[in-house]
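Each structure below appears as structure tokens.
In the two complexes that follow, subunit A is the common piece, with subunit B as its partner first and subunit C second.
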Partner chain A sequence: MTAAGAGVARVRPAGRALLGLSGLAGLLVLVELLPRAGIVSDRSLPPTSRILAALADEAATAAFWVAVGDTLTAWAIGLAVAVAAGVAVGVLIGAVPVLRAVTASTVEFLRPIPSVALIPLAVLLYGSDLGSTLLLVVYAAFWQVLVQVLYGVADVDPVAEETARSFRFTAAARIRYVLWPTALPYVFTGVRLAASVALVLAVTAELVIGAPGLGAVIAVAQTSGAIPTMYALIVVTGLIGVAINLAARRAERHFLAWHQSVRGEVAA
Partner chain B sequence: MRRFITGMTVLALVGAGAGCGSSEDTGAAPAGGVDQVKVGVIPIVDVAPIYLGQKQGFFGNRKIELTMESGQGGAAIVPGVVSGQFQFGFSNITSLLLAQTKNVPVKMVSNGVASTGEAGKDFGGVVVRKDSPITKAADLAGKKIAVNTLKNIGDTTVRESVRKAGGDPSTISFVEMPFPNMPAAVEAGQVDAAWVVEPSLSAVTAAGGRVVAWNYVDAAPNLTVAAYFASTKLIADKPDLVKRFTEAMNESLAYASAHPEEVREILGSYTKIDPKVRASLTLPKWPVEINKPSVETLSKLGAQDGIFGGATPDLDKILP
Partner chain C sequence: MTGVLRRLLLIVGLPAALIVTWYAASANSENFYAPPLRQILAAFADTWTPERLRADVLPSLARLGAGYLLAGLIGIAAGVAIGASPRLRAAAEPVLEFFRAVPPPVLVPVIMLFAGIGNGMKVIVIVSGCVWPVLLNTVEGVRSTDSVLSDTTRAYGITGVARLRHLLLPAASPRIVAGLRQALSIAIILMVISEMFAASNGLGFTIVQFQRSFAIPEMWSGIILLGLLGFGLSELFRLAEHFALAWYHGLRDAQRRS
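Moving on to the complex of A and B:
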């Protein structure tokens, strides 16, 4: 990650944004041309222009913005719960070696369970409400954070730890001044991963369960055979994903400005 | 939030989570004498009467405040009703019969939707591509046909179409696929035929596809396709609410039957069906009475195809 960060930093930010946009423009042109050239049926993949027209129609309705709001609410609450729980549990497990040994196999057992496999349980507990979406979002995002925090805690420099002990730092102080600064970059990586996963699961839950939000509107468009509208809504989820990723990176740079992964390597 | 934490605890303990919903409240506590009622529906043409009835005030008149909860394919509906998240739900008859054979405590409370009973003018049928060699139901034998759910109303009625036409239904291979994906799958030749309902049916015929079998019409005269249902617990605990819901539903069904133009208009409020398709698609029928002989037929067809796993649905327990 450090190397990638340094490499990207060499391209000027304006140039980088331009490159990103040109890639997007290429995709838009491709989607416009494929159906027009008859390579794919325009009933299955409408050209960009029709998708954008459908998007404009949608954006003019209040229901669309309510759905966007519902999805973002589920995402934000779910992510916040997952991050808080992931950090708390991660620091606790990481700081107590016995706990780590006891939970290691359980974590590895629970972590690969796909969140969507919990849909029947979610429906049973919460019906098709926000709770169902949250259950799926939190379950998926929690592990991303937890695992990163565990790595972060394991990365604490033993010399620093020993030094803090020699100076009779309390447990709380050791967590605050030794463990936390070491773990923080990992925490942010976890948050960034969790933020994307949380969005995917929020939309999936809405799509499958019918909890209010963009996913539910996509499902309605799908069952109605409103193909351009369906793609328009999918584009919206993509845009939200990009925005979330940008915001997460920005937050990372801001809060880790002191850290060498953001500052760039200092020649040893 | 507390229930949410409970949920996460359940997960953390990897407990037998499936038992946890049974103690849910029914959620229908009267607020100022008005019952808040949630109905699990699928956002398709079939449920237009309940939306129309809501708009016309048939439910409000009876002190019922409706909220529709719609999910794709309705995977959440039966468990939602059983656990008390929804007071009522909409489901096809075969699914309800299947639930009955598994002793799921649900019972129909009103009719849902019925076939028009007219070959050539029904809201669902088996379609093929324009240039397909299949021209009649008997030709479907030995072919690959898409249905939305396996071992359900689609494949049992399609088999009956083929059987009645003199073909061998046991040679058909069915594949599962959501309705909206079927027009593209038929077009691309991934399947030989697909059982579709409106509005996908209009999409296929608009692209030049042909209907080769009207499975609902072939299965039984004036087939009842789906019904509204409730948990037996709600029926026992709140008979008055169920009675009012049934009355409101019956009034809505009758109103929808009498006002097809208003039905086409209300579709615009909860679906995103193209206005042109909305104006031309074939509407189903919404009789007030459940056609019991047709339910018996579906039960027989299902048992014949082995979808109930050897059990026989007890119709007295599932019919209202």
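Moving on to the complex of A and C:
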């Protein structure tokens, strides 16, 4: 097993986990040593031990868990609204060819509009409330879902579609038995992308607008110069992000087991 | 001819209808936050004069371009190195997954500690957010290099730069482009966010100034400008992708047809 042969040499699963852990440990040691050796100032980057201590302190306070709860609430509500709206609009547009042709250019135009452009509007409409966060989260996540659903709907096998038509399936039955199973893998891709985008926008809204949640707590830690606490909170947002990614991937694998096993391709 | 006309109508129809509806519905708007579109358009022409564009939009775009380019170069270079070595990949994967999962805007306060609040900070913020999708996609692309091609190049003794140039980069390029596309939208977000934090010029800064001074039509015109910018950049990207990956799309179409 040589490391030089790209893509040929395989690292065994146990070895992989060990290497991964050593990579993480290396990062922690590096962050511990850099400030201790004076290579970077410990006011810019506190050593790992102090970040972990700050994390432990934070985890003991109720305010921290309230902030985590606020962030996750905004994330979950925003994602749910965006997925429901994205799937409904996507299936409707996809099922009616005329609608698809008419709306294509509008979708292409609205999709790349950066959601942060809406920050000033959100502040004026909702102040620093949950509403501001939700507006940004829903806007950003909605397009991710909608675009994937549209791809999925466009992927319907014409033979299956025509077969369903010649058997006089009703529109509802065609959507349920032909369109939906084809679009489902794309829907999951959209949900997975939307889940991580929703977290980014939730934290961003809290950080910039000051809506309650982890982002606002980070902003407070920054302005009050509590640097280790700030790092600890950033680590927490990263861990939440990893957890969301893992959960989304696991859900995808669970619900699409039939799809991958049948068609033998990775839905990505 | 009628075909062309029909397609044009399909493309312009709904957007035109929406704009007209907005214009008509808001014509007599008393709502302070939703001024008539007529007023917004007038504000747009007044606000985004050539001097304003040079003073505020150009610096934003320059920072965006510098950060995006740097992120692309770093991401591809590191991605090829990590993707080509299974051991390195196994060791780096959890760390990379973590950094990718950190919402990029929270890095703004951290980077302000290191780089102050100048142009450097904004470029580093953009790099630090954009590099992950490029890097991870490059790793995946290099990893999924066709094994027959890989063995063939090795059998012919093609190594080093030639292997990189003729095997790894072309094989990974569709994934690299996918990563670059994700990175583009992140770059625009971070450009705006970093300017909202601390800046004396730039689009994000200007729009927030308008909002804070309750110059609502001007704020709307800024939002519209940002939207146009996002749309324009994504169209530019699509064009570039069309040229760079023409061979790949052709190959895919051929495979699908057969």
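The rule is short, and it goes like this: the second predicted complex is superposed on the first by the 238 of 268 C-alpha atoms of A that agree within 3 Å, B and C clash if a C-alpha of one lies under 4 Å from a C-alpha of the other, contacts with A are read in each partner's own complex, and residues count from 1 in each chain.
As a convention for this text, a contact is a pair of C-beta atoms (placed from the backbone, for glycine too) under 8 Å apart; a residue touches a chain by one contact, two chains touch by 3 or more.
Remember, predicted model here, so these are calculated numbers, not experimental data.
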Which partner does A:Ala226 contact after superposing on A: first (subunit B), second (subunit C), both, neither? first
For A:Thr133, select first, second, both or neither according to whether it touches subunit B, subunit C, the two together, or no partner. neither
First (subunit B), second (subunit C), both or neither touched by A:Ile234: second
So in the superposed three-chain picture, is A:Leu125 touching just subunit B, just subunit C, both, or none of them (first/second/both/neither)? both
Can A:Arg43 be said to touch subunit B (first), subunit C (second), both, or neither? both
Of the partners subunit B and subunit C, which touch A:Gln144 in the superposed model: first, second, both, neither? neither
By the touch definition at the top of the document, which applies to A:Gly210: first (subunit B), second (subunit C), both, or neither? first
Between subunit B and subunit C, point out the one touching more subunit A residues. C
Does the superposition put A:Thr189 against subunit B (first), subunit C (second), both, or neither? neither
Which of the two partners, first being subunit B and second being subunit C, lies in contact with A:Val116: first, second, both, or neither? second
Determine where on subunit A the residues touched by subunit B overlap those touched by subunit C, and list them. 43-44, 110, 118-121, 123-125, 207-208, 219, 222
The subunit A residues in contact with subunit B across the complex are 41, 43-44, 85, 110, 118-129, 131, 134-135, 138-139, 207-210, 216, 219-226, 229
Would you mind writing out the residues of subunit A in touch with subunit C in their complex? 3-11, 15-16, 19-24, 26-27, 40, 43-45, 101-106, 109-121, 123-125, 196, 199-200, 203-204, 207-208, 215, 218-219, 222, 227, 230-231, 233-234, 237-242, 244-245
Given the complex with subunit A, which residues does subunit B contribute to the contact? 3-4, 6-8, 10-11, 14, 17-18, 20-21, 38, 40, 42-44, 69-72, 75-76, 79-80, 83, 85-86, 178-180, 183-184, 187-188, 199-200, 202-203, 207, 270-274, 277
Hey, which residues of subunit C end up touching subunit A in the complex? 10-15, 18, 33, 83-88, 90-95, 97-110, 112-114, 142-145, 147, 150-151, 154, 168, 185, 188-189, 192-193, 196-197, 204, 207-208, 210-211, 216, 219, 222-223, 226-227, 230-231, 233-234
